[in-house]
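Structures are listed in the sections that come next.
Here subunit A shows up in two complexes: once beside subunit B, once beside subunit C.
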Partner chain A sequence: MNHAFDIVIVGAGPAGLAAACAAAESGQRVAVLDDTPWLGGQIWRGEQSRPQLSQAQRWIERFRRSGATLLDRTSAIACPQPGVLLAEHPDEPREIHWQRLILATGAREMFLPFPGWTLPGIVGPGGLQALVKNGWPVDGKRIVVAGSGLLLLAVADGLKKHGAKIVSVSEQAPWSRVLGFGPALLSHPGKMLQGAGIKLRLLGVPYRCGVWPVKAEGDEQVRRVTLTDGRNTWTEDCDLFACGFNLVPNVELPLALGCALSDGFVRVNEWQAASVENVYCAGEPTGIGGVDCALVEGRIAGCAAGDRHAPAKALFAKRACWHRFRAALARAFALRPELKSLAADDTLICRCEDVTLGRMKQFNGWRDAKLQSRCGMGPCQGRVCGAAAKFILGRGMESVRPPVFPARVSSLITSGTSASNPNPNQTTT
Partner chain B sequence: MPANPIQLRVNGKSVLVSAGTVLAAAIAQAGVTKFRRAVTGGPRGPLCGMGICMECRVTINGQTQCRSCQTLCEEGMEMRTDE
Partner chain C sequence: MSQTRDIIIVGAGIVGVACAMECARGGLKVLVLDRGPIGGGTTAAGMGHIVVMDDSEAQFALTHYSRSLWHELRPQLPEDIEIEVCGTLWVAADDEEMAEVHRKAKNYGQRGVRVEVLNSADLEKAEPNLRRGLAGGLRVVEDFVIYPPCAARHFLEQARKHGAEVRTGVHVKALRSDGSVLLADGSSISAGRCVNAAGPWSPALTPGLPVRKRKGHLVITDRHPGFVHHQIVELGYLKSAHSTGRDSVAFNIQPRKTGQMLIGSSRQFDADDLTVDQAILDRMLKRAIEYLPALGRLSAIRAWTGHRAATPDKLPLIGPSTVSDRIWLATGHEGLGITTSPGTGRLLADLLLGRKTEIPSAPYAPARFANGGAHHE
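Our next item is the complex of A and B:
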């Protein structure tokens, strides 16, 4: 089925919703597509069925009244030519035509391999939070939380509200750097932190800095986790282990469109315009700055794409403020070098094709490893192992071949693109 | 018991969930932790919870390789994890 719009936005998270509302105010035909069946991206997921956050409700309501079209369960998978996106929907492939495109594809958690990390029950903290918002049961479950970032605190707090017993929260960054982040928080009335660290300690949950996981054990699921502070090592029993190390941007679609990156993020100008004509980018793909940063960038992109430069400009000062917060986040939660040596040679790096670190080390580069070992060729297409390999070995994905999601072959045939499917039998909903 | 429950089957076992529940959560509610077997045989379950890692793949109504974390439960769904 073909669809044509003036402005198309990929991603219905905070950045995409804000962009859609701003773009629709210009009177243009606007559409937002999202891979998921719901609105709100990662942080506001579940808000439609179980409303909780007033900020989320305001934006979802505003979006509903904006006149923009929502194409849900629609994954953008390739860009066969300028002005056309090819997308997959459970019922049919979709060809979506655009004059201007805003990429608001968000971020994902970074997972680092350590012995035992593939056991069921080891889930990203944000991922677990997302699942809990959609009904995953944690009542009475013992959960160890570890990794890095403000998300650990927000998630531990959220899980506790759902009845989980949080055994401990361990942040890999040392206290000195996390405390140094304090002033940045004070100047931004702590949206992401929500005073969660202090609250957790009041609730009797230990929050430790300078502590990281070294291994996980269990039979068919995780049972215990070993942690270290670099001098001492100890073990904690658990039913679930929430572990993730900050976020990495979803830049596969921007890359497939030819957008230039800088330091791993999509490079944009003051109007949030990317290096490719008529393509804009907002939210986490341009830098990991949290929900308020995503909202303001989305609004600027939406105004600019609708040729409304004055209201966009009025938001520059606010954005600059959140960009300072973003820079402070990156400094405070930078990953310690010890994390590069958590994986042993027999630890799996690629979870789709079960490629070990030892095997991966035998190859010269990511491309070579990919061709010879199928590392990164499985259905996640390197989304998990790519960032890990880059951190551990200094080499990772250099480019993206369409489709950016494993697609049903039919979608590709409809488009007549030359994109090849790495795994033709693979389908996704 | 949830209000307006949705009934579905996880590996043949009947489960009642509330509206807005994703399949992965229904599977966990049924007490199943292992969603699939990896290519070398190891047990796997959801990792990312957001549709990118593909570790939560299951068979839904006969269709294989569906991401259970991105699929909402619907009345009468039949769902199977790997043995």
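Our next item is the complex of A and C:
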């Protein structure tokens, strides 16, 4: 089915919602598409059905009143021609025509391979949080949390509230760095309160910095995690192991549209405009800055896409402030080089295609390794192993091809008959 | 020193490495150069269907010869070449195409190619996911499927065992009539002869070569084992492959050892970039779903394109160029280079070494074209 709008936003997380509200104020026809059935993206998942955060409620309410259309369960899979997105929807493929496009595709968790990392019961902290929000029981479960980023604390806190027994929370970054992040927290009262609240509830749970996992063991399920601080190594028993190392931006759709990246993030100008005409980008794809940073970038993008430059400009100072926070985050939670040697040669790096790190190392570059070992060729198309390989070996995914996500074969077909298709039924004469 | 090198092969696609393997086995000192990784050109984009074809006598001779060489190689091929002896199923939609089934069956049968004719009911049994009401088909029993990039690596390993040297990441700028090659960095490497095996890029190294890029699209699915059991090709494919005119698509699907399916294919001239062309993709996938109605519901994970190296008579160029007897050609394999690589390597080595070829080499001689490697320098 065909849909046409003036401004189309991909992603209904904080950045997308803020962009939609701002864009709708310009009086244009605005639509937001999201692959999930709900509003709120990763962080506000579940807020629609079980309201908890007032900030989320405010934005969801604001979006509802904005007049923007929500195309839910709609996943953008390709850009068949300029001004058109091809999207998959459970009922029928959708072609969404846009004049201006705002990409607010968010981020995903970064996983690093270590011996045992593919055992059942090892999950990303964000992924586990999402499962729990959808009603998956963790009551009484012993959970070890490790990896990196503020997300670890937030997730541990949430799991504890759902009755889990948090064995420990381990942050790979050293105390000195995480403490250095303090001033950035202090200058952002909202974050600070959130941080303090989390600390209180976590009381009694060891939060350690400068500690990282080296292996996981178990039978049909993870049972033990071995951790180290670089000098000592010890083992903790668990039923689940939540492990993730910061976030990786979802830049596949921006790349498919031809947007230039710099340092792995979508390059934008002061109006959040990407290098491709009429395409904007906001939130995590431009840098991992958290929910408030995503909100302000989203609003700027929405205003700019609606040609309202004054209100966009009025937000520049606020954004600059969040960009300082973003830079502080990156410094505080930078991954330590020791993590590059967690995986042994016989550790899988590509889970889709069962490729070990040792096998991958036999080849000279990502493309060579991919062609010869099939790594990155599976359904995830290198989303997991590409990020890991980039960190460990300094090489990673090189090209994005449609579909951006796996999609039904029929969803790849557009309705259009174009100039190069004068006679679609008569193909063999 | 480098002067002692007999031959430099430019291009480590499946054709170049097959030549390297046969030349090295024949005792020649071989150097293989490629600007990219091994098998990273068209060899990384193609389907890997090893198929006997009979559009012309010469095409039959080379594909049949090559397929028998592939079967000889089979016992030594490593696991990752993913051999799947699924056979080819040529599908006839109507009586006219069924007549072609019978013609082909007779032609193949007379020449010792194992085939079976299927009527409508047999076809339904052989491939239950095909739409009902098709006229029948032809099963070519010993055709099979491989994974080309690993086959290329294996051929190169064989060449190395016989002393061949390989350098990747080396961009060649020109082939010289004294047999030496000029590299992009300005240096040159001398040898008795050089071979242009640069696939669709070969005209850049031998200007005037009658080779044009012919773009093809493919889509790979997630793992759905058992959905089809043969490489299935519509007989209309012949008409599509034949036409040198406008863009065409034809139904062609391949079961991979991984349980995935590779869906093809299209043919376009004058489309030199590698972006996916939505209009062509639309036609190609619609065509495939016409034949396999349930295919639309399966999950697709990637679409891509590649360039075939097409010649005017759909036969490759194998042998000395008309420019210089020190510049040889092994290119122009269009949509059959994976199949015909072993035969090409053997022919080239036989010609270079002055051995008797096992099939006549004249139909592939570059000299058949007035400009089979013309106006060089």
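Basically, the second predicted complex is superposed on the first by the 405 of 429 C-alpha atoms of A that agree within 3 Å, B and C clash if a C-alpha of one lies under 4 Å from a C-alpha of the other, contacts with A are read in each partner's own complex, and residues count from 1 in each chain.
Criterion: a contact is a pair of C-beta atoms (placed from the backbone, for glycine too) under 8 Å apart; a residue touches a chain by one contact, two chains touch by 3 or more.
Quick caveat, the model's predicted, so the values are computed rather than measured.
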item: Which of subunit B and subunit C A:Asn364 touches, first, second, both or neither; value: second
item: First, second, both or neither for A:Gln372, with subunit B first and subunit C second; value: second
item: Which of subunit B and subunit C A:Gly127 touches, first, second, both or neither; value: first
item: Touching partner for A:Gly158 - first (subunit B), second (subunit C), both, neither; value: neither
item: Partner chain in contact with A:Gly290 - subunit B first, subunit C second, else both or neither; value: neither
item: Contacts of A:Gln81 with subunit B and subunit C, given as first, second, both or neither; value: second
item: Subunit B and subunit C contact sites that coincide on subunit A, given as residue numbers; value: 378-379, 406, 427-429
item: Subunit A residues touching subunit C - in the complex, by the definition given at the top; value: 78, 80-81, 86, 363-365, 367-368, 371-374, 377-379, 381, 401-403, 406-414, 416-421, 424, 427-429
item: Residues of subunit C touching subunit A in the complex; value: 36-40, 44, 80, 149-150, 153, 168-169, 219, 221-222, 234, 236-237, 239-240, 243, 247-250, 258, 263, 276-283, 285-289, 295-304
item: Subunit B to subunit A touching residues, read off their complex; value: 17-22, 24-26, 28-29, 33-35, 38-40, 42-55, 57, 60, 63-67, 69-72
item: In the complex with subunit B, residue positions of subunit A that touch it; value: 35-37, 42, 46, 48-50, 108-109, 111, 118-124, 126-132, 134-137, 220-221, 250, 351-354, 378-380, 383-384, 406, 426-429
